[in-house]
Amino acid sequence: MRRINPRFIDKIVQIVFNMQAFFTVSILIVIVAIIFIKGFPYVNPEFIFASPEDMGRHGGIFPSIAGTIQLALLSILFATPLGVGTAIFLTEYTRESTFTKLIRFGVESLAGIPSILYGLFGFIFFVIKLKMGWSLLAGVLTITIMILPTIIRTSEEAIRSVPRQLRIVSYSLSATKWETIKKVVLPAAAPGILTGIMLSIGRAVGETAAVIFTMGSSLRLPLSIMDSGRTMAVHFYILAREGISMEKAYGTALVLVLSILSINVLAYYVMHRAISKYS
Amino acid sequence: MIEKALLKERFVKWVLIAFALSSLLFLFLIFIFILAEGLPLFLKVGVGNIIGGFKWAPTRGSFGIFPMIVSSFLVTIGALAIGAPMGLSCAIYLSEYSGKKTQMLLKPALELLAGIPSVVYGFLGVIYIVPLVRNYLGGSGFSLLSTSIILGVMILPTIISISFDALISVPKTYREGSFAMGATKWQTIYKVILPSAKSGILASFILGMGRAIGETMAVIMIAGNALKIPGSILDPLRTLTGNIALELSYASGDHRLGLFSTGVVLMVIIMILNYIANFGIKRKIAK
Amino acid sequence: MNTKIAIDRLRLSFGKNQILKNITINVYKNTITGFMGPSGSGKSTIISVINRMIDFEDNVEIHGKVSIDGINILDESCSPVILRRRVGTVFAVPIPLPRSIFENIAYGPRLQGISGRTELHRIVEGSLKKAYLWDEVKDRLSTSALKLSGGQQQRLCLARTLALKPEIILLDEPCSGLDPISTAKIEDALNQLKSEYTIVLVSNNTKQIARITDFAAFFYMGTLIEYNTTDKVFTTPMEKQTEDYIQGKFG
């Protein structure tokens, strides 16, 4: 038997890979398309700005949109200084040592913990032991810890990519280390840091497991940080799982996915602009 | 003025150290509080009766989670069986076959999809995959197979992104050397590029596994949550994560402690996976 | 003549690599002193000791004394941040900060707590004039400094250093990447500046050293070979190595 021509195999393989990639990409496009097509008819101003009635069977999703924004923004408010501060410490204030390795180990480990364990921890620590109850505050603190590794890693990368010469110039002009960081390093690293922040917001918005056991699932708009509330993701989960209303579920899914995708697209856009500015 | 700046300098340093330590503190707290709640039951009921036990009836003193451990691994392996070949071939396509333009467009687009919340995947699984399995293959449709399919798709972005990075970082000279010896593109990929990107690809699989085994909301929506080891891929099953999420909101007493014991087991598995993934990645860098 | 910088038996090594071997030299007030020598001679390293930028390098060991106005700047008690207000530096490659021309110059004064708009403007204008750049940029102070040409950027860096109101200006091969016209402008500026400042110019360009310095020091392999008035060094060098270097036989 003659050996099959390797060029022929090469062609076949190429076709297979092309088709495979096309297939994979289609699946993901189909997912987004379904959400858009199925959800579109149900999303209107009333849906966005009205409160749910009858467990969400009727009305809108306003409290859960507000709850999502509250949760995401407050978590970012806590996590950004902590995360950027950690990144600054790791890049500017120390050399690689056992101490930095230990901190990096902590960050990596936090990044690897699945969200249900964050939920478990937030539940026992914030909700039960610190007696916060199911509340916005417990949710915010849990999500803060959960998104911290993302912010640390993206900020560290952004800070590291600031040219060393800029720091040297700043020092030579009699700046202290902190002045140099504040006036030169952070402005130059800002786009990268912003990207990390936005990716974290996306994560907070889409999270369910860690939120539902800490912030609870009250349908009312949280008016203080000690109130329970639900995010869009939690609302969607309850609508879908308990079969309350498929229409409202699709509508909520559309608003949810659209917000996350637009936050993430914005994040990539900012990052891309920053990269092209430097090169 | 200058004294103020220098004083601030020292103050800032201490604040930053405190910030940096916060990550460690949080990790420590998570560890301690999950262990503190989860370990007592191990002592009371016995490690073997929990990890090796088959019966989960927490209100009647049975805390066996063996079927859930097995199920967690089964869905993870199932997810990998579907996600790994698809993800890897997609990564190969992107790094070796697609044009620069397609690459620039598709890679971020695929990564964006990592942001789609798991509840949405779970929902779509219930609406589309579960009936498909029920109608064509039988059973209730809430099954190991459906769960594996959904998890397989969910881990695609992770696998594609990380194996793509591994493939693209194979030095150009390797490719050129292979082409120069008359190898075809596929021979080059198969014999040169894949072996040199091996550890990175492996790391992407392990990270994908980590995501699959830790996934919760999508799983409880489509797995059926039955309390036994599935006999076939069409049987329903309950994972460790699902067990926690399904019962945490109403559990109390020993029942709640049992959920934390489940959490401890999950945490140990995740730690082992992370260790393996980090080890793999470090070896790649060392090379 | 008054001694401004007194370097006394300065030894410096990076790990096991000895870069400076027992350097003793005095730099006089209100003069331009040229440090010349082939690469690896240690001339730039001396500069980075005088402004303590050496602090940012790893594995450095320093012995000896470097005094400015009689006070040892290598002492623990001497703050490098305060020192760098008195000792300004212009580097070989012009590195503007990614902000406007105005903000580049105002960076140092702002750090010193000057925030009044009129005062900052006065400082910026004065510094730019001294650096012979004012006429070229006066209409576009708020544009990005990165848009300036290489020669303009280097004069911007000089102006930025002048805005610190330092006593000493160190220039580390400031013209190495510049065209002759830009070089001439910087040299003109330096000639004007020496009445107010003490200037140390590190250069591998012997012609430049001959043109504008009052004193010239020749370094080779971390050792000071010869130091005298520029006239004497260039007309009647005492050492054979100096003569060879000046005539371009090596370096």
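We call the chains A, B and C, going by the order they appear; numbering starts again at 1 in every chain.
Everything below uses one rule, namely that contacts are C-beta pairs under 8 Å (C-beta built on N, C-alpha and C of every residue); 3 or more make two chains touch, one makes a residue touch a chain.
Everything numeric here is computed off the predicted structure, so don't read it as measured data.
Using the mean of the Cα atoms as each chain's centre, the chain most removed from chain B is C. Taking the mean of each chain's C-alpha atoms, the chain whose centre lies closest to the overall C-alpha mean is A.
Summarising the inter-chain contacts, the pair of chains with the most C-beta pairs in contact is A-B. Chain centres here are Cα averages; for chain A and chain C they lie 49 Å apart.
Here the CA centre of chain B is 57 Å from the CA centre of chain C.
As a whole-number value, the distance joining the C-alpha centres of chain A and chain B reads 17 Å.
Chain A has residues 176, 179 in contact with two or more other chains.
Counting only residues that touch two or more partner chains, chain B has 5-6.
Residue positions of chain C touching 2 or more other chains, listed in rising order: 81-82, 111-112. Residue ranges of chain C in contact with chain B, taken from their complex: 79, 81-82, 111-113. Touching chain A in their complex are the following residues of chain B: 5-6, 8-9, 12-13, 15-17, 19-24, 26-27, 29-30, 33-34, 37, 86-87, 89-90, 92-94, 96-98, 106, 108-113, 115-124, 126, 128, 153, 156, 160, 184-187, 210-211, 213-217, 220-221, 241, 244-245, 248-249, 259-260, 263, 266-267, 270-271, 273-274, 278.
Partner chain C is touched in their complex by these residues of chain B: 1-2, 5-6. Put simply, chain A touches chain C in their complex at residues 95, 165-166, 168-176, 179, 183-184, 187-188. Listed in rising order, the residues of chain A touching chain B in the complex are 6-7, 9-10, 13-14, 16-18, 20-21, 23-25, 27-28, 31-32, 34-35, 81-82, 85-86, 88-90, 93, 102-103, 106-110, 112-121, 123-125, 129, 145, 148-149, 152, 176-179, 199, 202-203, 205-209, 212-213, 233, 236-237, 240-241, 249, 253, 256-257, 260-261, 263-265, 268.
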